[in-house]
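Both complexes below contain chain A, partnered by chain B and then by chain C.
The block that comes next holds the complex of A and B.
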């Protein structure tokens, strides 16, 4: 098979103290798409780094990277540069920082053509505009002359793909290209890549932590764990019949887009990936593997063929059963029955002043003399949201970045003061609390943040961090504090010895456990979980979601569970609210929303998560929808006469299901007079 | 951009107005009275009162300020008490001589300082970086007049290569004129090089670690293109602001340097006025320095706006 476009043999990447990539070998045929899937730290990005020679001076690379018949590792710097951008294009994770902020977008796309193909700058610019149009950008000329800060995230990633494809390379390396984007934008970018692959006959090396994304784009997939490929095969084979225990665990721990009962749990992989794996001492996954037996740690594992074209690094791969489903704890708790409201938000509104102080004085040159007027710009992040949460209930809040879901969470805890409306907690208006009443509220309503790296004080040990709320709320006498800290650690399933550790000595999942323990220290009744698992790897994410569910059942906690991931929300929530640009557009049980979504935006989110039907183009004209439905500018069913002029209110469909859409037939029937009266004949 | 420029200009005008008030009040708080200084030994209570009336010094303070400010705005800076000449022409001559010093120093700092910073940032942790750091710290570690004295010792007293003090005359040829500028300019430069080169180094290093530089390299662009066309424009944005702030620092430095090199500029004139308690000269000199400082900062803000596309081009394109 010498016609392979890219053939990697025995690739090993070492850093001082650790090995990032060990003996990796694969082939990529022209036009083929290979996915490399693994958790953070598995070494998958180091493979791309070795091809692009972007790993830095401390990396030691050995092996062979044969690309179009030449070994890239043995090329001179200049020869290697002649391949980069010309024959190999690369797109990286974060489109927000990957464009040079000081230069026009078009110039950045044209630059490789000028450099590699010797094109005239003006001609290259024309090509850049054509390329942008190819990427599905409508006003390509305008975008080409724009600066990066004037574009949205999806738009930026399109221009970066355009730049990578400018010289018509034969290989495109994609390193987590959609991870930083919203699901609907991700779906568009994936469809774009699939189309480009067909049109331009380009091979893809697609690196991702997300198995579902790989399924949509790739022919074959390699699963990477602790610096090694543990499984390699056709996408269908690996995802339908995973052979290696790690692949099985990874697939099983992914929440599916299905409503789950209260007693169900995700399958999680116990433990964590070793940071300095030693495969010569046995299988690197043995410590976390439910199928492990003494023979597994006897010596190095090699890739064995389990089926034609399907290999796994496990000696017993052919005989393994399914990943064990986690036993449902206790009896099935049945459907949750809401009681009296614990948290009640009433037409909650929060607007931010975008431009104020000196900057709000805008000069105008009317009547020859410059005049200054004070014109602060107001943006409503949360606009008239009414929600209730009962004791012990989990309300999931889903929406894209910037829709106001985090702001809503902070308003509910009075970490921000609302502009209008009110929050009631246990019948008391939170906005009017002060002194001891406010302190009592703070004790009962806590928060867990997304960013596990920065939400713990790096100067405090775990024990000190957990003691803070105990001291603050006077919950334990000095002598009892240590015991209480150990109880809290036990609650989040961390060993008591972690009391003495500092945040930098913990993994991401462990830090989130500490953050949860800290929130629970004051024995709250209500916890806002603001994207608590978004920054975590799939296998860790499952364990944290399970932990939150267990704690809910054990202490009767109510959660406001905020996430952009519909599948995670469906797994843990009793009810889900879908938010778009500051307003709630649909609420209902997960079963109702997943089986019979009524709002076009909910359908869009679901379709994007499942990648089924075409989705509406996102647009960023913030001003639109101020007088009518916020979703109107993206809505495929928009009726200008009403959608642009009247704000839709949430109207019930069933007892738990409500939708804010003028065009919903059932909701319309219920309030027929209002809706039909506004539509002109 | 226009609204940005207008806003900055408005800020500068407010600062200048406030400064003029402060200068006026501060000089009035001095023990010396203008009338007493003019009269000197002939001062008697009667002549003093008569002169104060004639000069308007018996008017309410706000009216005195208003009259003074109005005169200033019309370019009338009053009469020097010690020199017994109008302040304005004296001040402009001195200002011009100082401006030559400052602009020469600034030009060198901007080019050499930025170049040193880029070199240090690109070869981070290697010998060019250490060399630049040591050189920069030597410059900043001691007060500016120290290097002035060292340079005079080396180039004037020991080797007799350059004149140690005073100012050259253009009629003696450009070479002679420039020879008088060399030492003061180098001395001024030494202190500022450290600041600018350290800042450029760290912002260059930050830009070189950024994602878009990684992307530019992945497109196969040669390293010099990555550095000059991609990293440098972004690295320059904070440097430009600091350069303008340094211009203010330079004005402070000029006062000391002009004294060391006996250079007849604005700084020396100010020291003279302060020593002799020449109030009109003092007020005019301080206000001029303030105005230069404010205008330098205004220039910096505008340059910053031009260098930063977020300010130059506002809203989104969708």
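The block that comes next holds the complex of A and C.
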């Protein structure tokens, strides 16, 4: 009657002082894929931890986890170990630390086969190579003999999946397997997992914060909020017709891949997830729910069926409408009209010395005498970038990790000195500023960072952190400082009482608000936003993007908005520049770029974000692209005669759209008429 | 000398892990046991040392010729030595010198090591290399030989001993400070300070120092312990405090000849030293835990 592979009943996980998972129940059939979606702290990883028994001594687990008919919670340690690895494989978020750096990759894949199946090491190694080939790795023998540091992030995640599948388990648990990877690599891993699911008939338990990823891979999905499942159903049903208000909010706050007008805002979920939810006192989401009414907080909510196979933990789920859309009324400013340049980078170049110190001394035989020469290796992180930002304009900068976009942001603020080229701010060469001029520049150009964990000094209270720019730039008299700090807090929509708090007492979103307030305290005109929302949950992300847009309109700020997420950039930017390996390959308005991308790399990014066409494997081959186009080694349309030898320059396609590609037909025609490659603002 | 090498860099790294992303909830303050025990021991030590002259049952140099080698008992709590002097009274008086030496030496080593370490970690490059290589050279000398050298060519005195030990302890403090600073340098709040164009002294004193402090508490407690022990060793060898003054090292040294007949003469200062060492170490550990910003005790 019951042939479920995995059946979880009444699973509850408690830590001292808090309950991470409450009364979770679900079934997983053989070959099925279930996604568990929720924001950080919702308890989704604790479910995986309970199955794998990896939660540590302080966790108290109650309930039943029936796997292939046996209750895992009641197995002895030895029996449980025999199930893990052999019948259940697991892959975790961070491929960069999950492999032992001191051992060859092949051995690490072969190990579970030797351990669990008693295979001969040599035979297991052969199997490991076959598995690597299954993962779509071409030179499997070479990879098997490589050390982890020689592989890219995507390759590492493939080897980890291979290791998890080594003993042909019937269940594969994936805890945020693609979160640490670039979009293009993520798309490849997801396709790989979908293929493996079909070929090997393995069931997947896929844990993610990303609804889009779950849509591509899973049959059914559970939405988790504050330790409970709030919605459960087929992927299509839940994502197309979400029943629970939280699912509606989560879906609405995700920016779509569309260009947005200046007045539009993302739908955000107000407030934040309670840290110690008490569902017995009413719906855990009521405080943030736009549909809430007194009856919601009357008592415990239970999962009710809203349609066959679709349940939600909301008593009025069937009668709810859409999540309310937000827009700033009356401020639909239309298209942005650029004025004179505020920030101007001119053929900016920054190279880092990779091999330095003792390692840079190399023997040479020049002039017939053997001698050691100092030859440090130079790597250009930013290579000849010319960009212009007008006052009040938002320039989005998109690219994958390591492409030099953060370096560019720091060069623009002179946090790094450029190797060549120049940055002009308000007509003055930033590299030559000193003394009071430099101080005035620092006041007017500020930065907001990605890492909400370290962007605030843990030893300074919010008030002290916000006061510092006021003191430094002499912006407020001692008596007025406190009032000004409270104004700043109000500006980022935090209560004035937060003045006395320390960073560890704030949530990630709140910390980012304080960091924004600190950057704006000196009343700047230009702010570099370096991945300001990538470390935040989707619902919080939307609120921060909206806040940045509001502040832009209120103070006429210009942003250099750096992100790897094309959808977020398209939402807020007036113009977008796509960067690849230190060079700009395409610039244009979001509408043009999304509708008619011209550079092959932009197309690749778009395809990966929308998961359409096959994408090229990122190549570690530095040789190709060193002399010509940096993208040549990954380009599906590469023409060796020109792409490998000549660096393409940005050439205008329309008045606001430029592309750096030899093969673009319109840009090629323009080439003859416009001699210098300048980017129209 | 061993103690000098075990300057606990691993512990320093363990505490210098970047702040976690997770939202730390304001936890209710619970004072760690280590802190309670350590603080009690150290408080008792300090109080008795300060009031030694009042608390001591006898003057430390009073001889009771008839009660030579009296075993510990009600009359002489820790027995008497070969001149019939009360060992307990001498312990109390001796603690003054030992603790004073430990504290002064540690203050000196922190005064040298912390600024150098922060400067090295902050500046990197040539300044870093110069500072660290000088500290390396200092660390390469056998510490006790160096102190002995200083004391042998000059007249022994407490301040000189403290100064010598202080200079010797500076390199490990500098190294720990530098490693913590390097770790903090990757924090984005440091970059935010540079984006505001902050001056060096503000960055070092206001942004860095408060974060370096908790880690240094542990290191400082180890340094006090090291100085107390080294001071005792010097006295034992005859280069520190001179008789008839009471000093733990000196007492152990004197009692050595009578270890079989009257073990309490050496044992009592030995136990006192052990308690001091344990107390200060526990205090340092406990303080670091309380000062750690992640634990949310500063409301």
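In this text, the second predicted complex is superposed on the first by the 657 of 681 C-alpha atoms of A that agree within 3 Å, B and C clash if a C-alpha of one lies under 4 Å from a C-alpha of the other, contacts with A are read in each partner's own complex, and residues count from 1 in each chain.
The rule is short, and it goes like this: contacts are C-beta pairs under 8 Å (C-beta built on N, C-alpha and C of every residue); 3 or more make two chains touch, one makes a residue touch a chain.
This one's a predicted model, so the numbers in the text were calculated from it and none came from an experiment.
Trainee: Between chain B and chain C, positioned on chain A by superposition, is the outcome a clash or a fit?
Mentor: Result for chain B and chain C: fit.
Trainee: A:61 contacts which: chain B (first), chain C (second), both, neither?
Mentor: A:61 sits against neither chain B nor chain C.
Trainee: Taking the superposition as given, does A:458 touch the first partner, chain B, the second, chain C, both, or neither?
Mentor: Only chain C is touched by A:458; chain B is not.
Trainee: For the combined three-chain view, what is the angle at the C-alpha centre of chain A formed with the C-alpha centres of chain B and chain C, to the nearest 10°?
Mentor: In the superposed arrangement it comes to 30 degrees.
Trainee: Is A:98 touching anything from chain B or chain C once the two structures are fitted on A? First, second, both or neither.
Mentor: Only chain B is touched by A:98; chain C is not.
Trainee: Identify the partner contact of A:115: answer first if only chain B is touched, second if only chain C is, both if each is, neither if none is.
Mentor: first
Trainee: First (chain B), second (chain C), both or neither: which does A:137 touch?
Mentor: Neither partner.
Trainee: Based on the superposed arrangement, let me know which partner A:608 touches: chain B (first), chain C (second), both, or neither?
Mentor: A:608 sits against neither chain B nor chain C.
Trainee: First (chain B), second (chain C), both or neither: which does A:488 touch?
Mentor: Neither partner.
Trainee: For the superposed arrangement, tell me the lowest C-alpha distance between chain B and chain C in Å.
Mentor: When the complexes share the chain A frame, the smallest chain B-chain C C-alpha distance is 5 Å.
Trainee: Based on the A-chain superposition described above, do chain B and chain C contact any of the same residues on chain A, and if so which?
Mentor: On chain A, no residue contacts both chain B in one structure and chain C in the other.
Trainee: Could you pull out which chain A residues touch chain B in their complex?
Mentor: The touching residues are 52, 54, 78, 80-86, 89-90, 92, 94, 97-103, 111-112, 115-116, 139, 142-143, 146-147, 149-152, 155, 160, 163-164, 358-359, 361-363, 370, 372, 619-621.
Trainee: For a test of understanding, state which residues of chain B touch chain A in their complex under the given definition.
Mentor: Its residues touching chain A are 3, 6-7, 10-11, 210-212, 214-222, 225, 229-230, 233-234, 237, 307-310, 313, 315-318.
Trainee: How about chain C: which of its residues touch chain A in the complex?
Mentor: 18-26, 186-189, 191-192, 194-198, 206-207, 210-211, 293-294, 296, 298
Trainee: Write out the stretch or stretches of chain A touching chain C in their complex.
Mentor: 40-41, 275, 410, 413, 415, 438-439, 442, 445-447, 449-460, 468-469, 472, 502-508, 515, 518-519, 522, 535
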